[in-house]
Amino acid sequence: RYGQMEVQDQVGTATGLAYTAAGGDTLSIEVAHYPGKGKLILTGKLGDVMRESAQAAFSYIRSRADQLNVPSDFHEKNDIHIHVPEGATPKDGPSAGITIATALVSSLTGRPIKKEVGMTGEITLRGRVLPIGGLKEKSLSAHRAGITTIIMPKENEKDLEDIPESVREELQFILVDHLDQVLEHALVGEDDEGNSR
Amino acid sequence: RYGQMEVQDQVGTATGLAYTAAGGDTLSIEVAHYPGKGKLILTGKLGDVMRESAQAAFSYIRSRADQLNVPSDFHEKNDIHIHVPEGATPKDGPSAGITIATALVSSLTGRPIKKEVGMTGEITLRGRVLPIGGLKEKSLSAHRAGITTIIMPKENEKDLEDIPESVREELQFILVDHLDQVLEHALVGEDDEGNSR
Amino acid sequence: RYGQMEVQDQVGTATGLAYTAAGGDTLSIEVAHYPGKGKLILTGKLGDVMRESAQAAFSYIRSRADQLNVPSDFHEKNDIHIHVPEGATPKDGPSAGITIATALVSSLTGRPIKKEVGMTGEITLRGRVLPIGGLKEKSLSAHRAGITTIIMPKENEKDLEDIPESVREELQFILVDHLDQVLEHALVGEDDEGNSR
Amino acid sequence: RYGQMEVQDQVGTATGLAYTAAGGDTLSIEVAHYPGKGKLILTGKLGDVMRESAQAAFSYIRSRADQLNVPSDFHEKNDIHIHVPEGATPKDGPSAGITIATALVSSLTGRPIKKEVGMTGEITLRGRVLPIGGLKEKSLSAHRAGITTIIMPKENEKDLEDIPESVREELQFILVDHLDQVLEHALVGEDDEGNSR
Amino acid sequence: RYGQMEVQDQVGTATGLAYTAAGGDTLSIEVAHYPGKGKLILTGKLGDVMRESAQAAFSYIRSRADQLNVPSDFHEKNDIHIHVPEGATPKDGPSAGITIATALVSSLTGRPIKKEVGMTGEITLRGRVLPIGGLKEKSLSAHRAGITTIIMPKENEKDLEDIPESVREELQFILVDHLDQVLEHALVGEDDEGNSR
Amino acid sequence: RYGQMEVQDQVGTATGLAYTAAGGDTLSIEVAHYPGKGKLILTGKLGDVMRESAQAAFSYIRSRADQLNVPSDFHEKNDIHIHVPEGATPKDGPSAGITIATALVSSLTGRPIKKEVGMTGEITLRGRVLPIGGLKEKSLSAHRAGITTIIMPKENEKDLEDIPESVREELQFILVDHLDQVLEHALVGEDDEGNSR
């Protein structure tokens, strides 16, 4: 079963790009929140590096709640659950960092994520985007799944040349070095300052 | 001992379909709740994937409590226990997801589950139903146990052809891609909108 | 040292029947409670399956506190300790389920358990009694220990024929499929509805 | 270094008898309590069986606080620490049960323990005293350490014959089957009912 | 990819110097805090020694909050997250101690860290700076990354001679034996006593 | 690097004597406390026996807070951190017990510890001092580090003869069997009863 693009823009669901021994794959990252006491729940057979990556994304958002239009007390009045479906498949690595962060912001602000966007990049506690591996394989699988826009780390620009030209021409690549740029391109609608996109 | 159909519609007990090295089997999923502090207890020698699957089902229900007619504060005033009997038999995998979700909703709303229904399907945090393996073996064991209706993932439609025709003709298959459809077919009685079933 | 029957009816102590590589044995299940915060303590070198079995018994009782005449707030005002003596001997398996449940109900209601009764059977979250193994060996050891009444799962009826007739004739077997029947036969005295036993 | 008898009656310190591959030994069990929140702390390189044994002793005392003249709220206003010195030596097994229980009661009531008394016996949640191994070796080491009175399980009476007569004649053996008897012989002074000892 | 100097002075981000089998490397230490309950979160695939080192740095700062101009109640009103990016790379050892402490003080006081400074040194609970290994390799990698000032333990002075003269001449080395000296040289701006730097 | 004597009397820092396969060594034990909720934090790559030893020292002090002039509520208003520097070096064993206890009392009362004093001895929950190993090696390394007074267990008196006379003559040995004696000789200044030292 190949990954598939979402059929409509979703709140709390972002599409990541994974790279395994078996090649590239797309990955749904789902976030839900509900009244609770601030617990962060992580499921989907996630390895330690991916769990820490999710924790870093979560902390970045908590430390910048105001700028991101996230209610500043969401963390103490809600439990947050991050799940990566296909629960029997092990997943690991830091490259889902910006995807997790985007799904979290979407869930907490209610703004949908554009269904045609896939993304990959490690996130730091300051929101910086660090480079990842397997850009070629990730791009091929995203293309197969119907994704048309890929958000990727600026530091991986040199790896674009590895993607077959026929595929590269059908994809739009957005190069970023900070999560603010990811959110600007991935979230639907208008932000606080009234800029439409 | 083959699995057996329930003798009457039960609140908080759903029948799942399992697939092991030894073939297919039916599985009771039991849910009980009682005054407590919001703890989720999982027993029955469950592996990590099945435990995470239960957690995802639980979070989906908490994040949609209103629509599912579940009192929104049940989670902080109750402990919830999910148990899968035959406590010495190891169980694992994500395919009991929709069965666990159905048993939870039944326990929390008091609506019984139809005794003639068996089901299988991974659940995601958004309530989507993902495909499973072993549909043939699961169907055979359900049939042996007296089940007449099987709720299964739409994405497994292609696997129906693997089931011997003699059995297939005695079973009703309901293909779903969201938990809402599972609940509509598995729960007894009228829902909030007054639709009888 | 063979197991021994209690010398008088006890509150909070039930006699289980165990089946190990070395044959059958009797097992005291002791329950004590005291002012606390709802902690469940399990000791006696118990394996995971037996611990989960105790948890299922405990949850069944909590979810049916009213019908069982257990004060509904006992769980938040008491700690409950379940201990299986001979603390150096490893114990495991689900077949002590109904024995643990009976000892719990006895401790929480103050009703003694008949000293001449031994029992075996897995319990589910709904109070159903599931079949067990080793009925023959369990019966022989119970007989040696002075037990005269054995409560056992209805589904094990077919295994009665394996017990030597000389022993079988000196034992009374009570076949049950629900914990309510276990309690009716194991607890001393009158219940709420005024039925004497 | 052989074990040594205490030089005076102590509150919160009891002498146990241990039996290891290297022979018998005496063991100090120390208990201290201080304002806290009811935590039970166990140290001294104790194995799981000995830790569970301490927990059973603790629960017995909590469930019988009134009869033992222990303030019924000590558990929620104090932390209790049980330590077995010579912290680098691993210790395990259930036979220190009655020694731990005696040290706990002494610490919580302020009544000293007679310095010439050594003891051995498993304790159950009901205060019953179960048999132990190594009585001969334990008695020899107690004798060497200056102990003159040994409290031991009634069920071990048959093992007295294994102790060399020269040693046996210099020791007083007190056979018990319940903790009440242990406390009666080990604690100094008058109890609640005004019986002097 | 070689480490890179920060492009501007940052609050909550300090540059450490690491020494691995593969040679020297620079390391960003990121600290964020946000409203919470005093939890300390550590991520970045950190080994036990590095985690304890972070804990020691944190405790030093908490025990000297007043002198460091850190609000004395920050610990109970905030969660603190320390992250070391490149989340898939294992990191360990005590030599990031002063870097972590500096990043913590910067985050908690809002004073930026000079971007041209790299540092290495174990920290103790009293703020003492203990010697480290690999000064040569650390200095070379810092130089490559554009760092111009290295803060290092006074006890490592003898190791300066191992650094090639061409590199040594382009670096300023600040030798310290206490964290106070580290903070004086690493933090931008004026401190409480009005000393400009 | 040999251990070194402190350059001045310190509050919360005591010098212990360690004995490893590589010979004797001196060890700083550092204690800090700060507003918190009573957590005991132990760092410095400490083994289980050393951790339990610290816990026993802590409990002894809590159970005798009044006599030791420690505010009786320090434990619920402070977190206590015990750290043993050189964080990458594994440490274990019970012989740092009295050193840890002394550093704790110093930190909690504000009385400094004499810088010329080194010490070794297991502590029990009653404050008794038990014998240790490696006195010769410990004394030699203490001497090398500039220590002039060694506090040691009375039960190790027989091992003094193993120390070379040239070293023995330059050291003062204080033999103790209770922590009270340790504190009397290690802490600077006047105690509550007005005795100067």
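By written order: A, B, C, D, E and F. Residues from 1 in each chain.
Throughout what follows, a contact is a pair of C-beta atoms (placed from the backbone, for glycine too) under 8 Å apart; a residue touches a chain by one contact, two chains touch by 3 or more.
These figures come from a predicted structure and were not determined experimentally.
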Fewest hops from chain A to chain D - one hop per pair of touching chains: 3
Chains contacting each of chain B and chain E, listed by label: A
Fraction-based call for chain D against chain C, same above half, different below: different
Mean-CA-position distance for chain F and chain B (Å): 60
Intercentroid distance (Cα basis), chain F paired with chain A, Å: 52
Shared-contact residues (touching 2 or more other chains) in chain C: none
Chain contact graph, described as a line, ring, star, complete graph or other shape: ring
Cyclic chain order when read starting with chain B and heading to chain C: B, C, D, F, E, A
Chain B to chain A touching residues, read off their complex: 38, 48-49, 52-53, 55-56, 59-60, 62-63, 65, 72-73, 75-76, 93-94, 97, 122, 124-126, 128, 130-131, 155
Of chain B, residues touching chain C in the complex: 1, 10, 12-13, 28, 30-36, 41, 43-45, 79, 81, 83, 85-88
